[in-house]
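This is the structure, below, for whatever I ask next.
So that you can tell them apart, the chains are marked A, B and C in the order they are listed, and the count of residues begins at 1 in each.
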Amino acid sequence: MLDTKANPVAEEIFSGTSSHQDAELVITAPETAQNIAPTIMVQGSAFTDLPEDLYIPPDALQVFLETFEGPLDLLLYLIRKQNLDIMLIPIAEITNQYIAYIALMDQLQLDLAAEYLVMAALLAEIKSRLLLPRQVEITDEEEDPRAELIRRLQEYERIKKAAEELDEFPRLERDVFELFVDTRQITVVRPLPNVELKDVLQAFREVLQRAEQLSHHQIIKEPLSVRERMSSILTQLNTYGTCLFTKLFTFKEGRHGVVVAFLAILELSKEGLIEIIQDEPFGLLEVRSAVRSH
Amino acid sequence: MKLKHIVEALLFASDKPMSLKALQEVFPELEQPQSADLETALLELTEDYDSHSIELKKVASGYRFQVREQMSPWVARLFEEKPARYSRALLETLAIIAYRQPVTRAEIEDIRGVVVSSNIIRTLMEREWIKIVAHKEVPGRPGLYATTKEFLDHFNLSSLAQLPTLQEIQDVNLPLKEVEPLSQATREQSETEQSSLQETPNPETDGAETQA
Amino acid sequence: MKLKHIVEALLFASDKPMSLKALQEVFPELEQPQSADLETALLELTEDYDSHSIELKKVASGYRFQVREQMSPWVARLFEEKPARYSRALLETLAIIAYRQPVTRAEIEDIRGVVVSSNIIRTLMEREWIKIVAHKEVPGRPGLYATTKEFLDHFNLSSLAQLPTLQEIQDVNLPLKEVEPLSQATREQSETEQSSLQETPNPETDGAETQA
């Protein structure tokens, strides 16, 4: 027979009446008990209070322990399952239960987070301090060794409750839902970017500067012919009728190109294909096609 | 066209909540409605939808229409994917950040008593529910986490103030007596202590402060 | 829960139109509403939204709520993107066409030293700032680009002659903002335009850009 009274852990697990909602487990008693040798060390001494006939299937215990979020959660559970106030935490008893749990975990070779062991050590230390002989009067400055632990437990319990409440809040995609209303029939007019003249001119200035650099560094210049330039000027004039004199020059070509363009214009003028006009003194020179096809 | 109808169309067409400012900015500069007029329109709209399956809701980043919570049993069947369930570890971490922000990872770990996995922080960051708002001036300059508007939006909240207040913390003021083992006598004693505590509760005060 | 309300919730929550069959399938097998009942519910819903900015519409693949078309002027503004800015490449291309017109694409590329993307030419054509005025009598007969009347209008120019000369442009110290008109005649004309502009701000001008 399995004696569940001897160990609170066994009692809890085997009774299946846990108040801890996630921890409810009913584990059938095994047919054969196993002899197990407790090996957990607490404060340098072996912890040996486990009933020798206790056997819990490792998988089940694993599930059980995974429902705890850490040592504080486990401690809270141990306190709450006895309907105890955190303020009145019976350190010795809780320590025994707690250590029994982690001893079990250790025996079953579960991965035991270091935090659980740290807490075991802390509990053992508090327990030993409380057991100190009475005659040592404790001064006002010295805090009750339980106080810090109680504060942590309270804070953790508050957060645990808050997390549960948070989970209950109506949540998007779970409780409330975003709407999908068709807007494809809405015609969207996309505004066009605005451009200011100074931006265009600035851009052009940079082009010219780049072109200037190009003509300075370019060793092989494009071969230019006056005839070619003449025909291009003609094409231009045939389309526009008139043209700024300065526009007939391609500055990228450098001085040589400008000379070619100038020669082309002079040639065209001499041949009577274009007229060069100046509307007023010191005004801009304009070139216009002398042959009007239409 | 009544302002109410324009606001209605805008809220339905927008794929995210719209603030008063966002609503105003839809209008040409000289025709922008007053905030008060917008609020009246929003109030009228809210009432218009009283008997509908959808509601006009104010969340942190603005107003949005949403399907009412009581419709979720039907609506949930529309979606093949089950809504994400979050682990206790994630929810506790989120709750700590919500209530204790700005807070470092080490502080979260102190409260929970266990290491916070990087996965949890990453998930919360990816969902844009938390963000790093500053770095604490201690060695390592750890990030200080805080919740975001997206967090509030997702949890149907318009501000952090809508979160329930945390349980009150009882004053830790223990008489240094051994209460072990749990015998009948100590149990009675405990009850006495408890009742005396209940007579003079000091919910606001953290025990550490009164003793310090 | 009335069928109408469930249908309403479903149509709002669904991201695509829902057919009668799709609506039925949301319900457990033994509780599926009759098509006739669904149609009645849909009809009632349609009437419920008579005075709203959205309407229940039957489209090819089913029923869905959509924003009424007459709300377009307001809703469209939601979707409007901030006016983009044109690239430096586009401005250079435009400037080259303005100063070197008529000019082929190859010639623009020669001057710029880089390929001119088709996007730029298309954007300028769509904006009606440039057009093809002739084709050059060379292999491939490339189009010769020139600026348009719309180009002049946009920049408040009465003619291309008002553009600064190449020399003026190359003078790095020249504040391009205050480019002076070229002749006395155009100068006066320009000043008239300018002063009238100051009285009635150009609606085309984006305030953000002028401030930037």
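Keep this in mind: contacts are C-beta pairs under 8 Å (C-beta built on N, C-alpha and C of every residue); 3 or more make two chains touch, one makes a residue touch a chain.
Since this is a predicted model, take the numbers as computed values, not measurements.
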Per-chain Cα centre nearest the global Cα centre, belonging to chain: A
Most remote chain, CA-based centroid, reference being chain C: B
Separation of mean Cα positions, chain C and chain B [Å, integer]: 41
Distance between chain centroids, defined by C-alpha means - chain A, chain B (Å): 19
Cα-centroid distance, chain A relative to chain C, in whole angstrom: 34
Sites on chain C at which at least two other chains make contact: 9, 12-14, 54, 65, 67, 71, 75, 79
Chain A, residues touching no fewer than two other chains: 177-179, 181, 183, 186
Of all residues in chain A, those that touch chain B in their complex: 69-73, 85-93, 113, 115, 119, 127, 130-131, 138, 143-144, 146-148, 150-152, 154-167, 169-179, 181, 183, 186
Chain A partner contacts - residues on chain B that touch it in the complex: 12-13, 15, 54, 57, 64-69, 71-72, 75-76, 83-84, 86, 88-89, 91-92, 94-96, 98-99, 111-115, 153-157, 163-164, 166-167, 169-170, 172, 174, 176, 178-182, 186, 190, 193-194, 197, 206-208, 211
Of all residues in chain B, those that touch chain C in their complex: 1, 5-6, 8-10, 12-14, 26-27, 48, 52-54, 65, 67-68, 70-71, 74-75, 77-78
Touch list for chain A against partner chain C, complex: 177-212, 214, 235-236, 238-240, 244, 246-247, 249-252, 279-280, 283-284
